[in-house]
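Each chain gets a letter, A, B, C and D, in the order it is written, and its residues are counted from 1.
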């Protein structure tokens, strides 16, 4: 897994690629919690378009990010969900809990 | 290494004729099962031995016999606590506790057992061969 | 986990129609290649990412085109030293230094390369499909 | 991999089963060196009948055992070689270097 960060006004976009699994999900968790809890970024957007696989520990990291965003009053947004990512969120019954958009333009809209 | 297993299992299931979503389901189940063995049976240690076998079998299904892939994973780790092996209610949105749920959703049969000091997990997925069209 | 990979690759190669010795050869090559990545590219660390892909390809063979299995393994470990990547003379009986030799003996093509900070190992094994008997 | 030891007069027989690979070959190496270098057992016999896989690090452990046996003037004997084990020793060009028998009776003969 690779995470690249881009910064817009009051928004951080993480472009994530590769596999989010047992070995890599702690890195995602850390990046999310830093951005939300420490830096109190008002909006964190995850571009999941290049994610090839995400396991339950990856989903757990997303849920932790979501909880953190609620705690600090920020928004955590997902976009670019491919079939695999969508399936996993469906399996977890989490599709309706996340703020999910089709593309980046919608995700960073004011 | 989990990535290598996922790709090998993905290619194997495709080769066996599973549909794309079923291939992803089997890959997911095997990945989550291995992750659980490493985390819970081996308490995080990655170098411990895990055995796996993959077999095409004929298994009973709906009173008939069906073509299926059987995967057996075995480890020498700590005994699983059956009370914890149930997964959890998904309504409760919190991190963790999804792995077993994924495994159960993705496979047709999921059986844990312990024999001779080893934990065994048996996973079965039926191959849904399309029935030949009659007449049409 | 290497055991899981071996069994998955063994089942995959059998399914692809390789002979039993050829299945064992591919399993051996993949196992030795992964072992080398863990030991040499990742200096013994087991948790580092290794990517693998398995593809059925048409590759040029003896001026014709042959049906083959292509396996690509990639890691982000230390750059391999090409001078060391040669294996060693087997006459010299001593422990170690056999892995690369096994890989070369077991596969038809073995190619190391480095791109974008990643080591890539490409392995190809041809499927020796029996020529249909004529007349006899 | 599992190693079980049996002891006859001046002979140790190791019944080895399972996979000898990166993770397990150090255990085989240790067992061999202890029996040969420390205990100076005159004959160490390896029953490889139940070995399902052996990799190059396993072969390296056998070679180390062989060297140790020569150093201390003991014999290291292999028997029960199945196809996989035989193939690997052939690949290593080591078949003719080891003392190999068909069965246990031959291996422990006086």
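Rule of thumb we're sticking to: contacts are C-beta pairs under 8 Å (C-beta built on N, C-alpha and C of every residue); 3 or more make two chains touch, one makes a residue touch a chain.
None of these values were measured; they are calculated from a predicted model.
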Between chain C and chain D, which partner chains are common? B
In terms of C-beta pairs in contact, which of A-C and A-B ranks higher? A-B
Calculate how many whole Å lie between the centre of chain A and the centre of chain D, each centre taken as the average of the chain's C-alpha atoms. 53
Counting only Cα atoms for the centres, state how far chain B is from chain D in Å. 36
Could you grab the centroid distance between chain A and chain B? Build each centroid from C-alpha atoms only and quote it in angstrom. 27
Residues of chain C touching at least two other chains: 2-3, 47, 49
Scan chain D for residues touching two or more other chains and write them down. 19, 23
Pick one for the touching-chains graph, please: line, ring, star, complete, other. other
Would you please name all pairs of chains that touch? A-B, A-C, B-C, B-D, C-D
Residues of chain C touching chain D in their complex? 2-3, 6, 21, 24, 27-28, 31-32, 35, 38-39, 90-91, 93-96, 98-99, 101-102, 105-106
Footprint of chain C on chain B - complex, ascending: 1-5, 7-9, 11-12, 15-16, 34, 46-47, 49-55, 73
Mind pulling up the chain D residues that touch chain C in the complex? 19, 21-23, 53, 55-57, 59-61, 63-64, 66-67, 83-84, 87-88, 91-94, 97
Using the touch definition from the top, list the residues of chain C that touch chain A in their complex. 47-49
Under the touch definition given earlier, write down the residues of chain D that touch chain B in their complex. 1, 18-19, 23-24
